[in-house]
C-alpha cells in the first residue's frame, strides 16, 4: 500500500513540476517550435535587449518594493497589536481580504479610484497600483507575523518591563529585533505576491505603469514564444529563490 | 494559573496595541471596505454615456444579473469551480496522506508541494498553454510518433480550464488535508486493525471521517478562488469559457457597463461570504 | 527591623477563582524571605503582583512605605529573576546585564561597563561577557539573570522558583551560592519555591501559602517546631499524629522495653524498616491504628517487621494544631 502511495506521490510531484521544467528546457531551444533543435541562450539575451520588458520589470520592482515596505511596516504593527489584544474586526477584515476574489478587489478599487479622482486631477498610475497592492498584501504580512508571534516567549517582554523598559521600548529593543527573521520572511512573501499580481494590477494601472505580468499576459495571449519562455524561467527562478529564502528565515531561530 | 503579558489578556500593552492597529485599520477601511461600498452604490446606478456611472438609482443591473442569459455563465462558473474542487480533493488526498506518514521528510515534501504555488500563477498557466496548444509540446510529440493524425484540441475548452484550476490550487487542498492527517494518531488505525478491520475498511471508517475538517477547509480555499477565477478561463479557455470573473472584467473594461459589472461582483462576493459561513465554521480551526 | 516591602490584605480575584485571598506580610531590609507552598497556592501570583505584572483586586503593596500597586513594572524598584531566566537571546551576556542600566540612561558608557563587570564578577561569570545565552549552561544562564537584576540595586529581588530548572546536584550547589550572594549584596530576597528543603535551608523567614491564603509566617525553626495548622505541619516534613499531638519522626524514640516515664508514649507494631545509610526509617502502626514513621540513628536497624515496640517522646517535641487546621 505504501509503495502504491509513493508511486502516486511521485506522479503528483511530476505533475506539479513538469510544466515549469518543460518551459525551462524549451527556453534554451534554438527553434521557435516545440521541437528541440539545439541549445541556445539567444532568447535570454533578447529579453535583456527588449526595452519595453526592462521598463515593465522596473515598474514591477518599484511597485513591489514600495508596497512591500509599507505593507510590512503596517502589517508587523498590526500583527503585534492583534497578538496583544483581541481585535475581531481587524482580524476578520484581513481574512476577508485574503478570501476575496481578485476580480472583486480589482474592480472595487478601480471604482474607488474613479470616484476619488472626481475630487482631484489624479489619474491611474504607479501610485494607484501601489495602493492596491498594499490593500491585498497586508493580510499576508499579518499572517506570517502572527504565526511567528505564536511561538514567542512572553516572559521576555515581562523581563524587559521589569528591568525598566516601557512598553514601546520593549517592542523596539526586544520583540521587534527578535521578530526580524519573521519580518523579513513576511516582506519577501509580500514582494512575491505583489510582483506576480496580474488581475488587480491590470485594472488599476495607468498607461505609463505597465508591469511585467501585464506584458507577459499580452505576450501569452498573442501566442507562445521562446522569449516568453525565457522570461518565465527567469521570473520563476527569481521568485522561487525569494520564497526559499523567506522559508529559511522563517524557520531560523524557532 | 499564569497570566502572561504577551497573551491576549495583557493589561499593560493595550494602548500601544490600539496605536499599532490604527494605520492598518485605516488602510482596510479606505482600501477595502470603502471600495466595496462604492461598488454597492455603483450597482444601483445607471450606466454612463462614456462608461462610469450616473443617476438615477435603479435595480436594472440586478434584474439583468438574474436574466437566464447570464444565468448560464453563473451556473457554469459554479459547475467548473465545483468540479475543480472535487478533483483537487480526490487528487490531493493520497498525496497529503503520503506526506503525513513520511516521518522526517514531512516538511521537505510539504514545502516541495507549496513551492510552485508561490512562483508566478500567470507563468504556470502559460506553461500549460505551451504544453497543450495545437503546436504545443504534447501534440507535437504525439504527432511525431504518429499516435494521432491531427492535433488534439487540448486547449481552449472547459476541460483545459478545469485542468488549469486544479493545477493552480492543488497545493491549497494539500495543506489543510495534511494538517488534519498529520494529527491522526497511528494508534487509532492499530486499534481498528485490532478490532478486526482490514486496512481498506479502516481507511473508510476511520481516516476519511477524521479528515473532514481538513477537507472542508481545503474545499473552501479552493472553491472560492476557482469561482472568481479570471486568468485561467481567459488564457486556458481562450475567451470561449466565460466565467463570472471574465464577465466582470469585461464589463469594467471593454463593455463599459460598470453598474452591471458591479452587481455581478457583489453577487460573487455574497456567494463567497455565504460559502465561508457555511463551510468556514467547520474549517475554522485550521485557518 | 526596617521594613522594605509590605503587603496589606493583598488580593487577586479572577472570575471563579481567588488566586490570592487577602495576604499581609512584611519583609525587612536585607532579609531572605521565602514564600513556600504547593503549585497553585498563589505564590507566583503574589510575586507578579509585587513585580507589577498584575494589578491587585484589593489591598496594598508598599515599597519603603510608598504604595506601588498602581505603578507599572518599569517604575518599581524591584527586580525579578524568572523561572526560565528570560535572557534576551539576541543580546550578549554583557548587553543583557546592561539592559536595565541603559534604560535608566543616566550613566556614561564607562560607568555602565564598570557596573556590568562588577555584577558579573559577583556571580563569577567574568570572561563570558561576549557570549550569547544559547552558548551558556543552565546554571550560567541563571547567574546572568541574577547579575542582570542585581546590577540595578533593587530594593527587593524577586526570585520565581529559580532553582527548579536545574538538576539536583547543581541545585544544591546553587542554593549555597545564592545564600552567600544574598549576604554579600545585602538586598532583601523574596524567594518563591515549592521545595520545603530549599525554603528551610535558605531563609531567614518563611511564609507558607495554601489556596491563596498565607497560613503562617516565621523562622524556619518556628514553622517546623510550632506549625499553626495541619497543612503547614505536613508540608514542612513528615508528622506523626498521636491523639491530636504532632511529633516529628526524629523526635520519636523506639525501644523494646517500656520507657521509664509513662507519659507521651504509645505502643506500635513495626511494619517496615528501611535502611537509608545515615539513618533508619521505621514505619509502624500505632495502638490507635495510625501510621507512624520514625527516623532513628543507623545503629537501631535491628528492629523486625511484626515486632511490637514502645514509642515515646518529650513533651517539648510535640505540637498541637487547631481542629480542622
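The first chain written gets the first letter, and so on, giving A, B and C; residue counts start at 1 in each chain.
Going forward, a contact is a pair of C-beta atoms (placed from the backbone, for glycine too) under 8 Å apart; a residue touches a chain by one contact, two chains touch by 3 or more.
Not measured: the values here are computed from a predicted model.
Suppose every chain is reduced to the average of its Cα atoms; which one is closest to the average of all protein Cα atoms?
So the chain nearest the centre of the shown protein is A.
Sort the other chains by how far their Cα centres are from that of chain A and give me the top one.
For chain A, the chain whose C-alpha mean is farthest off is C.
What whole-number Å value describes the gap between the mean CA coordinates of chain B and chain C?
Those two chain centres are 59 Å apart.
What is the distance, in whole Å, between the centres of chain A and chain B, each centre taken as the mean of its C-alpha atoms?
A distance of 17 Å separates the two centres.
Between chain A and chain C, what distance separates the C-alpha centroids? Give it in angstrom.
55
Please set out, as single numbers or ranges, the residues of chain B touching at least two other chains.
Residues 5, 12.
Among all residues of chain C, which ones touch two or more of the remaining chains?
In chain C, residues 53, 72-73 touch at least two other chains, as defined above.
Listing for chain A: what residues touch at least two other chains?
153, 155, 158, 161
Residue numbers of chain C touching chain A in their complex, please.
The contact residues of chain C facing chain A are 51-53, 72-74, 78-80, 82, 84, 86-90, 99-100, 103-104, 148-149, 152.
For the complex, give me every residue of chain B touching chain A.
4-8, 10, 12-21, 23-25, 27-28, 31-36, 38-39, 42, 52, 91, 94-95, 97-99, 101, 109, 111-113, 115-116, 118-131, 133, 135-137, 139-141, 144, 167, 170-171, 199, 224-225, 227-231, 235, 244-245, 248-249, 252-253, 258, 261-262, 265, 268-269, 272, 276, 287
Help me check something: in the complex, which residues belonging to chain A touch chain C?
So the residues of chain A in touch with chain C come to 153, 155-156, 158-166, 169, 173-174, 177-178, 253.
Any idea which chain A residues touch chain B in the complex?
Residue list for chain A touching chain B: 1-2, 5-6, 8-9, 12-13, 15-17, 19-20, 22-23, 26, 33-35, 74-75, 77-78, 80-87, 89-90, 93-97, 99-112, 114-115, 131-132, 134-135, 138, 142, 149, 152-155, 157-158, 161, 167-168, 171, 189, 192, 196, 198-199, 203, 213, 216-217, 220-221, 224, 228-229, 232, 235-236, 239-240, 243-244, 247.
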